[in-house]
Structures are given as structure tokens and as C-alpha cells.
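Just so it is clear, A, B, C, D, E and F label the chains in written order, and each chain counts residues from 1 on its own.
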């Protein structure tokens, strides 16, 4: 499972490293998915749970929220690249 | 890599589950003059859980679709 | 350490898998415990730390908060089961 | 599986510790006209840490009790 | 132990990245009458990302300095 | 990378344990660093992103925020020790 291009560009790695990379990948997709669930829940629902069903408005809101989250993701990735900041942050902790 | 194995699925669900409990508890339970859930809190928890679950499923479907579109744009998947 | 029935129903697994399952179990209990500490802290305290001791009201509030959190946990677990949603969510990411 | 080993305990404490610092910093420190903690902030941090610690311990005790009750209900523990 | 290896750096960046996306999305995107980002949201995301990145870098530098001071106080580092 | 004295006081451990301890160490530094980034972002910025540059005031605020976070960290560590609570919490979950 590749997501947003992450996990693709690594140099030659062993098969054990591949497994570890795949696990890290999954961790990140899981994290991002949960943040997405959480953010769109905040954006699309009030805290008044009168009904267990999704209303039509709520469903529409969710769909748009996910679409916009993906666009925001791409946008932010491009910003980072155009600022030339793809390798500097982790190095700060060296 | 395109499938979550048994363990990964379990893990994924547990994260979702703990988030669901936490979210619904925070939104529905606000009275601490008793240690028993009131009928109102109880109903709220049920609706909240049901709604959160449906919400997560819908987000999951859209997530997959968007991810697919993105991967097709990048190079037709892997 | 088994918690809320999780970790019990897995199919035949090797001893290495058992260790991994136990680690995942512990991770979840830790996560849930920390969420519980956090939620009840929000529910039972104001941000005015005049005193380092727990007042009688705060102590009572904590006890009830934990009890209710457990009940909510069980309640939510039952809701999930009655909706027949115990295996579908992770599969969405397949 | 009923005991946390040395490493697990350490880890557990570190999570609690980082949460405690973060919580108390956010609640107590709000003045950034200086880089030194004021006496007021300092006192608040002490009380907050003490209270959070006692809070966590109390939650821990209740957590165990409730967990025990639940496990007894399920099948007398494992 | 003083260096993050390739994998660790990647991981570190991913966490930062997901936090950045989440933070800027939450602060900048609030209109769900359309599924396309508005020009205003788009600009906000760019500025937010740039600012968050510079913020993180500055925090990183200060973090290192403070950590160094602390380790020197403790016993001249390890 | 040792941080705030954590990771120093462990008893005799094997080299595999050392690697695990180092990984746990890194996890914690990463967690703390991210909390720090997050807290100081909340303290020093409003949500109005008119400009991508850090203003002079924002830069000053960040520097002081990090310094105070470190002081708070030390302070809280001392509180915990003076309360004699360095080994009891994890044991609660035994």
C-alpha cells in the first residue's frame, strides 16, 4: 500500500528493511486515516446525537471533507518541496 | 502490501474503537453526580457510536477512492 | 492482561505471534488508560491549580468518571456488535 | 502477561510523564514576554504536577478495580 | 545514538508532515459547500504550511541548544 | 541521544535490549518534540495565516516558549521525584 508517494523513493534496501518500511507505511496511513476521520467528524457534526443515521447534509459534508483533505495533502506536499524542505527537518535532531 | 493481515486489521479496529469510545464519552457524558449512566447519556452513547461508525465507514470508502485516483495520476498504481 | 475481551478470540497463533499480540494488547490498554486519565482530567478539574491535593469533590468525580467510562466502553462495544460491525472497518483499507 | 516488565513500566511512565509536562505547561504557562518562568507559573506547575500525579494514581486504582469486575463478569479472569 | 538513520529520519518527517497537514487543514478549510478548495483556502494552506515548517525548524534548533545545555549540566554529555 | 536523564539508569542489559531501549528513547524524544512544536504553535500563533514568514514577535515567542518548556520539564521532573513517585505509576497496572 503506497500512499501519497511515500515509501516509493527509498534507496536499495534488504527484504527485512522492506518489511519494516511497509510497517512504517501502514502506521502512517493509519495515523493519517484517523486524523482524517477525526477532522471531518469535527467539521461535519454537532455534538447533538439525536439520530444514529447520517443525514443527507452530513453525508455530503463528509464526501467533500475527504476530497478537500486529499487536496490539502497534495498542496502541502508541494509547498514543502518548493521550499526545498524534504530532508532538513529530521536532521535538526541529529 | 495491498491487504491488511489479520493482526493489522485488529490493530486498526482497536485504534478506531478507542477513539470512538473517547469521542462519544466526551460528547455524551457530563454529569458526575452519579456513577451510573443516565438514560439520556445512554441513548446519546448509542447514537454517537452508530453515527461515528457510519461516518468512519464512509470516510474509509472515500479515502480509498481518492487514494486510487491519486495513485492512478502518479503512475497507474504499483 | 486481557482487557474488555480483546486479545481473546484470535485463531491458532505461534508463540512469536503471541508476544506480538501481547505487545499490541499492552499498547491498547496504555492508549485507553491515557485517554481515560485525560478525559477525566478535563471533566473533573478546572485549570486553576490552587492546591496540589485532590479535593473531596474531585476525588468523587474521578471515581464516577472512571466508572462511567467503563460503562460507556461496554455500551459502545455492544452497539458495535449489534450493528454487526466487528470486522468491516479494517477491511475498508484493503 | 499479568505483569508489566521493567521496560514496559518505564515506557508507561514516560508516556504519562510527557503528557503531564504537556498538560501542565499548557495550563500554567501563558506569558512569553520573558524566557524565565515567573513565580506564579512555577507554583502553578508544581501544584499541577502534584495534582495530575495524584489524579493518575486514583484513576489507575479505579481502572484496575473496574477491569477486575469486568473480567470476573466475563469468565472469572484468565 | 547521536544520529538519526535514514529510516528514523523518514519516520520523523512523516509524523511532522501528517501533523502539518492536519493542523493546516483544520485552521484553513471550513467551507463544505464545495469539494474544491477555494482560492482563499488554497492561499491559507500555503502560508500555513510555510509558517509551520519554519516554526518547526526554529523549535528544532532551540530544542537542540536547550538539550545540549541540559546535558552539559548533567555531566558533560555522554 | 539521551534526553532529560531518561535512558541512563537502567540495570545491566544486553545489546539487543540496548537497541530496544534506544528505539523507545527515540520514540519519546519524538513524542515530546512534537508536543513541543504543537504547544508553542498554539501559544505563539493565531489562525490567521496572512504571511508565510515568521514575524519578529513570533520568533521571539518561539524561543521563549521552548526555553520555558524545558524549564517546565525539569521542574515537573523534580516535583515527581520529591513526591517519591518514580516507580509507582506503572505498577498500578500490574
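FYI, a contact is a pair of C-beta atoms (placed from the backbone, for glycine too) under 8 Å apart; a residue touches a chain by one contact, two chains touch by 3 or more.
All of these numbers come straight from a predicted model, not from anything done at the bench.
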item: Cα-superposition angle relating the copies subunit F and subunit C, to nearest 5°; value: 120
item: Between the pairs C-D and A-E, the one where more C-beta pairs touch; value: A-E
item: Chain centre separation (subunit B, subunit C; CA means) in Å; value: 14
item: Intercentroid distance (Cα basis), subunit E paired with subunit B, Å; value: 26
item: Sequence positions of subunit D contacting 2 or more other chains; value: 2, 4, 8, 11-12, 15-16, 28, 46, 50, 56, 60, 63
item: Subunit C, residues touching no fewer than two other chains; value: 1, 33, 44, 63, 67, 93
item: Subunit C residues within the subunit B interface of the complex; value: 6, 10-11, 17, 20-21, 24, 28, 31-32, 35, 39, 42-44, 60-61, 63-65, 67-69, 71-73, 75-77, 79-80, 83, 85-94
item: Contact footprint of subunit D on subunit C as seen in their complex; value: 1-5, 8, 22, 25-26, 30, 33-34, 36-38, 40-41, 44-45, 47, 49-54, 58-59, 62-63, 66-67, 70, 74
item: Sites on subunit D touched by subunit F in the complex; value: 2-4, 6-18, 20-22, 24-26, 28-30, 32-37, 41-42, 45-46, 49-50, 53, 56-57, 60-61, 63-64
item: In the complex with subunit F, residue positions of subunit E that touch it; value: 1-2, 4, 8, 11-12, 15-16, 19, 23, 27-28, 44, 46-48, 50-52, 54-56, 58-60, 62-63, 66-67, 70-71, 74, 78
